[in-house]
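Both complexes below contain subunit A, partnered by subunit B and then by subunit C.
Now for the complex of A and B:
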C-alpha cells in the first residue's frame, strides 16, 4: 500500500508544482543577493543569509531557514489535508477501503506518503540551493567553513552537520503532517483540513513570543523548528534539537492516535 | 474495538504525551537544611569557582535604548539565552545565542574579544576601568556577586529550595537594609555542592513578579576545557581593536569633569577615577556618566517616548522596575545618573552632582 501511495505522489503533477513553488523563494533570494550583494543587517534576516555572501556552500541552510517557518508547513498541510479528505471529495475513499487493507495501515501509508513529500521537497530545495549558492554566491570557502561560534569546520564536518540539519527540518514537519492527517479524517474537504492545520501553525507562531504563554512554549508546534541552527554552534547545542525531535514524536503519537480513533470505525459514504 | 474505546485509548496517548514533560518537574525538591549565613558564606567562597552551562535571562525592564548604550536595554528587557564557560576571572567565554547566529564574548590573556557571526567580525579590547553591563555581568554567579557586594550577611534569610538546571538548590533572600535602594529583595539559589549561584530573581519594591531573572538551564561545576575560552580568528573574518569600549569608557577617558566624592550620602569608589563615578555598593550602587549634548539629546528623546517618564527642574527621570535613570541637564553637557535607587535618591544625587562636579 505504501508503494501505491508513493507512486501516486510521484506521478502527481501537483506534487512537483508545489515543490517548484517552495523552491522558487530561495532561488529568487539567491539571484537577488548575487545581483545586489546586499545581505540582511545582523539579527534581521533568516539564519545564515548574511554568511552566504562570502560562503555560498551555506545557502542550503539559509534556504531551509527561509522555507521552514511558512512555505514548507503550508505545503505539508495541503498534502496531509489531501490524504483522506481528498479521497473522500473525489469519491474514491470507498473504493480504496474495499481493498483487503486495514484502515490503520491506510493511515500509516498516508503519513509515509506525506513524509516522502517532505523528504522530496527538502532534497530539491537543498540541492537547488547548493547549486545556486556555489554558482552565484560567495566563493571564499577554501575547504573550511566558519561555524556560528567562530570556529572552523572542515568540509566533512559541514557535510555531516548539513545532513543532520536537513533531517531535522524533515522531522520538524512530522507534527504538521500528523495534525493535517487527523483533520483530514474529520472534515470532508482537503481545503478545510489544510486550513485547520494552518490555524494551529498560526496560533503557535503568535503564542510563541508571548510571555503570558510561557508555560505553553514546550508544547507549541513551531517552538523548536529553527533549532537546526544549533547544529552549527561549537560545541553542538543538542538540547533544543533533542527536545524538537521528542516534541514532534509527541505530536505524531497524539494526532495519529486521534486519527486512528476517528477513522478506524468511521462510516465512509464518499 | 468500539469507537468509544478507541477514543479513550487516544485520550490516554494524548495525556501521556502531554504529561511527560511535567512529571520530572513534579518530583519534590530536597535541598540540604542549612542556615542562610552559611549558604551566603559558601557563595562568597565560590566566587572564582569554575562552571559551564546554558543560561536563560528574562527581564521586563523597559529601558530607553540607543546604540551608544550597547545592548543593555535588550538584555534587561527581553528573553536572552546564553552559553557560558567560566574557568576563572581571567579566562571565560559567554555566547549570546540568537536564531540568526551568535554574539560571543571571550576573555583570555587580558584581552576581551567580541565575535559576531553575522557581521563576520571580531572586535578586541582591553577591559577599561568602567564600562556598561554586558552579558557576562548578568550570569547568575556574576550578578549574585554584585548583589552580595557590601551586603550584610545577617540580613539574609532562607527561602524554599527549587530545582534549577536539574539541581535541588537551596535558596537565600537578600533584602537591602538601606532605604535608598529601590530593590525590595533578591532571591538566590545555589548549587549545594560547589556554592555557585544557579538562579537570581530581583524584585522591585511592591512587585510580586521578578523584574529580572537569570538562571542556568544546564549546569556543570567542572572546569571547562581551556580551548573553549581561546579565540582563534577564523580565516576571512574581519578583526579590529577598540580603544573605547562604550559610552561609559569614552566619558571616563575624555570628559573634562571630576564628580564629587559623595552623592546622596553614597561614597565614591576608588575606581574609576576619571570623569565617570561609581558610588555605593551592592544594591545601592550608583553610576554617573557625563554625556555630550548629542548623546544626551538622543537619550532624552528615547526617555520622552517611554511611559512613566517624569520631568522636573533637575531633568528627565524614569523608573524601570528597580532601576532608576535620570538625565540631568547642564546646558552644554548632561549627567546620566543611574542605579537601583529610589527616585528621590536619584534626584538628590543629581542635585549634589550639579553642585559639586568640577571642570578639570
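Now for the complex of A and C:
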C-alpha cells in the first residue's frame, strides 16, 4: 500500500506543481537579491538572508527559513487533508477498504506519503536554492562559513548542521501532517480538513506575539519552528531545539493516536 | 456464504437495519430487494466491514466479519453504491492501483496485466484507450467498477445496482456476464430495486422493508401457482354454469377458476362441449409478493 501511495504521489501532476510553487518564492528572492544587491541589515529579515549576499552556499538555509513558516505548512495541510477525506470524496475509500486494505495500514501509508512529499519538497527547495545561490550570489571559496554567532564553521560542520536542520524542519512538518491527517478522518471534504489545519497554524501564529497568551506559548504549534536557526550558533544553542523536538513529538503522538482511534472504528458511509 | 444473525444498525435515532437474518447459500444468485432507503446498502456495508454493526453478527464465507476481513475479503468482489475510481488515472491504471493496494488470493503482480485485460474484455471495455476515468460516461464507469469487482475471480460477488446507467443492451450484457460467472461457481448477491432484473436472474430473494427482512425465499416458491387457472374461452357463460362456485373472477377473455388440476378441468370442459382456447396456471408475481410484504417506500414522506 505504501508503494502504491508513493506511486500515486510521484505520478500526480499536482505534487510537482505544488513543489514548483513552493520553490518559486526563494528563487524569486535570489533573483531579486542578485539584481538589486539589497539585503536586509544583519539581524533583521528572514534568518540567514543578510549572510547570503556574501556567501550563496548559505542560501538553501535562507530558503528553508522562508518556506517553513507558511508555504510548506500550507502544502502539507493540503496533502494531509486530502489523505482520507479525499479518498472518501471520490468514493475510492470504500473500495480500498474492501480490497481489503487495513485501516491502520492505510493511515500509515498516507502519513508516509505526506512525509515523502515534504522530503521531496525540502530537497527540491534546498537543491534549487543551492544552485541559484551559488550561480546568482556567488560564494567565497574559503571552505569556511560564518556562523550566526560570528565564528567560522568548516564545511563538514555546516553539512552536519544542515542535515540536523532539515530533520528538524521535517519533524515540524510531521506535526502539521498529524493534525491534517486527524482532521481528514473527521470531516467529509479534503478542503475542510486542510482549512482546519491551517486554522490551527494561523491561530498559533497570532497567539505567539500576544503577551496575554504567554502561558500558552510553550504549547503553540509554531512556537519552536524557527529554532533550527540555533543549530547554526556556535556552540549550538540546544534549549529551544530540544523543546521543539519534544513538543512536536507530543503533537504527532496525540494527533496520530486520535486519527487512528477515530478512523479504526468509523462507519464508512460515503 | 453469507449469514447474519439479528444484524442491527442504528445511526443516532434512526434504526437503519433492524434484526436482519440474511442467509445466502453457496451457488445462489440472491436478489436483495428493497425500496430506496430500506437499509440494503447499510446491510451490505456491514457485510463488508465498512460499517460496524450496532449489534448482531455477520459471517462471510464462514468467517466472522469484520475480524476476519483480511482472509475473507480477497475472495469477495464488490460494487458498493456506484463505482468509484481515481478520476485523473486511466481505467487500466485504476485497476492496477486497486489490485496493488491489497494482497491475498487471486492477486499478484505477475498475473496483474493479464487479469486486467481479461476483466476489461469481460465487461466490454477491452478496447478502451488511455483516457482518464474523468472522461468516462456513467455506463463506462459502471463497467469499470464491475471489472474491478471480478478481476480476482472472487467466490462471492456483492453487486449494488450493477446495471445502473447502462442502456438495455448493456443490461443484457451484464446479465449474461453474471450468468457466466454463476455457472463457473461464483455466488452473487445482487442488490436491486428493479423487480424484473431480479426475476430474470435470481434463484433466491430477500426483501428488506424499513430495515427489516420481511421475506426470504426461493424465487420458485414465491412465484408458485396460486391454485387458480385462467380459462380462455368464447363460451364463458356455459363454463360459468358448469363450474358454479369454482369461478372466482371473470376477465375480458375468460374466467379465473379455482381448480386443483388443469388437465382434469380441461377434459371436463371439453367433454361438455365448451371450447377452450387456452388454459394457464395463474402464478404469483414477484411484484405481488414484494408489495404484499412491504409498506410504502421510505423515500415517500407523508404528513403524519
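FYI, the second predicted complex is superposed on the first by the 264 of 270 C-alpha atoms of A that agree within 3 Å, B and C clash if a C-alpha of one lies under 4 Å from a C-alpha of the other, contacts with A are read in each partner's own complex, and residues count from 1 in each chain.
The rule is short, and it goes like this: contacts are C-beta pairs under 8 Å (C-beta built on N, C-alpha and C of every residue); 3 or more make two chains touch, one makes a residue touch a chain.
Keep in mind that this is a model prediction, so the values were computed, not measured.
J.: Looking at the overlay on subunit A, is there a clash between subunit B and subunit C, or do the two fit?
T.: The answer is fit.
J.: Can A:188 be said to touch subunit B (first), subunit C (second), both, or neither?
T.: neither
J.: Based on the superposed arrangement, let me know which partner A:258 touches: subunit B (first), subunit C (second), both, or neither?
T.: In the superposed model, A:258 contacts subunit B only, not subunit C.
J.: May I ask you to decide whether A:95 touches subunit B, subunit C, both, or neither, giving the answer as first, second, both or neither?
T.: After superposing on A, A:95 lies in contact with subunit C but is clear of subunit B.
J.: State whether A:12 touches subunit B only (first), subunit C only (second), both chains, or neither.
T.: A:12 contacts subunit C only, not subunit B.
J.: Touch check for A:3: first (subunit B), second (subunit C), both, or neither?
T.: second
J.: Rounded to the nearest 10 degrees, how wide is the angle at the Cα centre of subunit A between the Cα centres of subunit B and subunit C?
T.: With subunit A as the vertex, subunit B and subunit C sit 140 degrees apart.
J.: Please give the least Cα distance, whole angstrom, that subunit B and subunit C reach in the superposed model.
T.: 10
J.: On subunit A, what residues does subunit B touch that subunit C touches as well?
T.: 265
J.: Touching residues of subunit B toward subunit A in the complex: what are they?
T.: 1-3, 6-7, 9-10, 13-14, 16-18, 20-21, 54, 58, 60, 79, 83, 95, 97-102, 104, 115-120, 122, 217-218, 231-232, 234-237
J.: Okay, in this complex, where on subunit A does subunit C touch?
T.: These residues of subunit A touch subunit C: 1, 3-4, 7-8, 12-13, 90-92, 94-102, 265, 267-269.
J.: Once bound in the complex, which stretches of subunit A touch subunit B?
T.: For subunit A paired with subunit B, touching residues are 42-51, 54, 140, 142, 144, 146, 148-152, 211, 218-219, 226, 229-230, 233, 237, 239, 250, 253-254, 257-258, 260-262, 264-265.
J.: Sort out for me which residues of subunit C touch subunit A in the complex.
T.: Touching subunit A from subunit C are residues 11, 42, 45, 48-52, 69-70, 73-74, 76, 78, 80-88, 97-98, 100-102, 104, 148.
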